[in-house]
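We call the chains A, B and C, going by the order they appear; numbering starts again at 1 in every chain.
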Amino acid sequence: MTELSKTGAAVGEPTSSPSNAPDAFLAVRDLKVHFPTDDGLVKSVDGLTFQVEKGKTLCIVGESGSGKSVTSLAIMGLHRLGARGKNVQMSGEIWLGGKELVSAAPDEVRRLRGREMAMIFQDPLSAMHPYYTIGNQIVEAYRVHHDVNKKTARKRAIEMLDRVGIPEPDKRVDNYPHEFSGGMRQRAMIAMALVNNPELLIADEPTTALDVTVQAQILDLIRDLQKEFGSAVVLITHDLGVVAEIADDVLVMYGGRCVERGSVDDVFERPQHPYTWGLLGSMPRIDRETSERLIPVKGQPPSLINVPSGCAFHPRCPYADVPKGDVTRTVRPELQQVGGGHFSACHLSPEDRTRIWTEEIAPKL
Amino acid sequence: MSETKKTDEAKTDAASGEREVLLKVEGLQKHFPIRKGVLQRQVGAVKAVDGIDFEVRKGETLGVVGESGCGKSTMGRVITRLQDPTGGSIHFEGKDITRLNTAGMRPLRRDIQMIFQDPYGSLNPRHTIGGIVSAPFRLQGVEPEGGVKKEVQRLLELVGLSPEHYNRYPHEFSGGQRQRIGIARALALKPKLVVADEPVSALDVSIQAQVVNLMDDLQEELGLTYVIIAHDLSVVRHVSDRIAVMYLGKIVELADRSSLYEAPMHPYTKALMSAVPVPDPKRRGAKSERILLRGDVPSPISPPSGCRFHTRCWKATEICKTTEPPLLELRPGQRVACHHPENFADQAPQDTVLLTAAKEAAELVSDKVLAKSPETEASSEDAANDK
Amino acid sequence: MILLLVVTAVTFAIFFLLPRMAGQTADQLAQQYLGKSPTKADIVAVKQNLGLDDPVYLQYWHFIKGIVAGATYDLGPTTTHCSAPCFGYSFRTHVEVWPQLTSRIPVTLSLAVGAAVMWLVSGVVIGVISALKPGSFFDRTFMGVALAGVSLPMFFTGQLALFLFTFQWPIFGRTYVPFTENPAQWANTLIPAWCSLALLYSAIYARLTRSGMLETMSEDFIRTARAKGLRERKVVARHGLRAALTPIITVFGMDLGLLLGGAVITEKVFSLPGIGQYAVQGITDNDLPPILGVTLLAAFFVVIANLVVDLLYAAADPRVRLS
């Protein structure tokens, strides 16, 4: 693939204070995203910290309403746009390649969007404009950041379609989204996101709407492209299978907060939070004959307006009474290091966690 | 536990002869006509279900898997007679119900119930939970013992809801709870057969497990027979006794659970199962066994000739293109429609020249898979000879 | 094909129902034609000449034949030929209908198209701005004005405009001048009428655009457009408006088609010699041929507008293009 230099619109020097800037390529610190509504303040993301290096993949796992999608949109700066953008309350820091985005001017963030950071979405049919051809939409994405004529951009679009595995790209470039199959559309969407060689790719449930065989193709493609481009990938999913397949690091979200974070081996082999245990126990497995029943998490996900006091998971946690007193109901557990690069926010003592995991949970999985 | 017991039962039943057949489907077809122009002339048909045979035995769970567009949901609606088949026959408890009209079907509606995917769309938002769950009694003119209200409250408790929910409205409930309401409604008339179309796919993982366990418990408690249609192979493996794999309106493989997942015979089954991501990062090394299928599922308007999978199969030869393989019971309890099955003797050994498309498809299949098949073939041949 | 059927059905219905609704017999119609105190013999003669005694389907056949091929009327002393398309003669004034219509079409066309351009532009602009800042001062003000605009009847706003700008401060002309004669004068006379008509419609269009835009701007593809790093202005214009305007095309086409069939009240208020006025005259005089002519013309315009709308829609939305 030809490496086209990024000589688009000149990027103004964003606010950067090198003393404060983290080493990691993408670093999120104490991010909070709150939406005021008539019913109360929705705390979609409430104090989230993580980082991703170039060439690495972080998977954010959680159920609907856990704040995982909101996090991705916050990094892209997409919350503040549109009619309701003014109301969003955002605080914390998002560092991308040494630039801080939460305090940056909206136009600075806009210039980074699609160029330094790009995004693919769950449902590629609704995420593409129905009235423009696939080619036009890729050309548009390219020309926002590159001062080239339409012909050059079109050539680039065809090249990208070819790279993501669309047969006859010079013909399919003039098709409309509805003329593509679901898998093809997601490929085209990826081509559109990667047309400017972004250094950060955010994928929000990129395979949820697709069939398994197509999902395998798309995950394969994302992995290949990441190797080729060396970009950082943040992949949001609810499917632990996808996580095990593609992640280097995992972040488990519950009620707008991180409950566990660590390398993929840590989280799957030595999970340190009862919610992670719950997710693992809930999943039927294709790789083994389960003679046991599934171990579901009891109850319902929490409301983001009235997040339970103390540990947000305590009403559903089978071990909420293990720590002494009512600490699980009154004190919000902080994220604590439980191993090299492995963090967990839980009141259980390390000994209790290890015991419960090895004796009660792991044997049943 | 219950699952183990079930498999044991299945095994003993298989040994001591077949369980009683509850539902028998033969040559079932459902074609949706495509009409065009002012006169609405029929110019073609979407062959959603195109000649399938299977039976469901009393007390078992038949899982039906396949990708979108394979016809599994249509099949579900046709066997419950929510849609009329265009061909073939359906027998329920030995009675031909293929051509029964609405009036003729009414008594059978008690015995055959359906659970739908969308717990939001399938409950009328203007009715209370009590109204929704008691609707089957009203429609069938049944007066349960102790009165309708008491029975509905018992049902609500049965599915894990509180009897106090009787006067609430659907919007007050979460997705998982709504699916429980749907299940309570389906169970109101003590059906014999429950057809569930993607019952858990709209739910979060932790809630999915709750509903799966609930359905499991109810089956045991009430002796239900399930047909569970789902795209998630992990869920299907967990809940089913036997599994039918569909591709483009056909059943390509129908086998009991362990045979299917441990030794799939149809290449499509194999590819489908290898594509499912396993929640175990250690198995990432085993990725070489993954079979990536090329391209998309062809259109059901003009499906490929012969074996419908030949356009994407890495083993396809000339015969696959010309002759449709019949669904044959190659091993006890395992029916396959393939000329060159995996894990078994080749059905058309004389035909060895691969199609060009198959050669291309094979590029995406790791050598490990390709090398493995002759071996296993040989061993299964030996096994067959031994018998 | 279907369009032709629709036009035929409409004329057929009008032809059969209209005389009966007015409660007129063939005698009365003939009498109307002859004016004051005709003799019995005259009435019979006229009835015969105009074919009023024929069965209705035959009359209809003659009517259609007249439109396609022209007709010749043998009226006692003289024989008149009325060339195709012949819509007959007014019973009252004995003036041929078709030339009347053709001379009036430009007036109605000027009024309708001018007003349409005004309301489309102003309605869409207001609607878009409102949608981008829902709940803002601008939004609430304009939606309030829009509500008032919809609720004020034409004969009120029209009269007011007429009073203010033509009589009180006579900056606009009073009598219609064809565009071909003096474009400036033409526009000058029409502006009050355009404004009054546009006020009513732009209010509707502003509301339509606003709700369409609000819906479109929350679509996923808008999020994608923003994720590309497009400027918000481009996101709105190229992605939002394009999708939001498509349904408005449909409504616009129908409205324009309807207006071309005669903006009755507006023409009356501003004394514009258009098709609407002709229709009003025909109805007050109980004069069948002009009513038939106008109705047919109006149906024709609506049907054509429909066709144009379908074509435009297909051009705008690739998903509905015929495969």
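Throughout what follows, contacts are C-beta pairs under 8 Å (C-beta built on N, C-alpha and C of every residue); 3 or more make two chains touch, one makes a residue touch a chain.
For reference, the UniProt names are A = Dipeptide/oligopeptide/nickel ABC transporter ATP-binding protein; B = ABC transporter domain-containing protein.
Keep in mind that this is a model prediction, so the values were computed, not measured.
A.B. asks: Across the interfaces A-B and A-C, which one involves more C-beta pairs in contact?
C.D. replies: A-B
A.B. asks: Where centres are the averaged C-alpha coordinates, which chain has the largest centre distance to chain B?
C.D. replies: Using the mean of the C-alpha atoms as each chain's centre, the farthest one from chain B is C.
A.B. asks: So, what's the distance in Å between the C-alpha centres of chain C and chain B?
C.D. replies: 58
A.B. asks: Rounded to the nearest whole Å, what is the centre-to-centre distance of chain A and chain B, using the mean of the C-alpha atoms as each centre?
C.D. replies: Chain centroid spacing, chain A to chain B, equals 32 Å.
A.B. asks: So, what's the distance in Å between the C-alpha centres of chain C and chain A?
C.D. replies: That gives a centre separation of 55 Å.
A.B. asks: Can you check the complex and tell me which residues of chain C touch chain A?
C.D. replies: Residue list for chain C touching chain A: 131-134, 214, 217-232, 238-239, 242-243, 246, 316-319.
A.B. asks: Where on chain A is chain B touching in the complex?
C.D. replies: It is residues 63-64, 167, 181-184, 211-217, 219-220, 238-245, 247, 264-265, 268-269, 278-287, 289-298, 300-301 of chain A that touch chain B.
A.B. asks: Looking at the complex, which residues from chain A come into contact with chain C?
C.D. replies: 73, 76, 78, 81-83, 110-115, 118-119, 121, 123, 126-131, 133, 140-141, 144-145, 176, 178, 192-193
A.B. asks: Which residues of chain B touch chain A in the complex?
C.D. replies: The touching residues are 1-4, 7, 67-68, 174, 176-177, 204-210, 212-213, 216, 231-235, 237-239, 257-258, 261, 271-284, 290, 292-293, 295-297.
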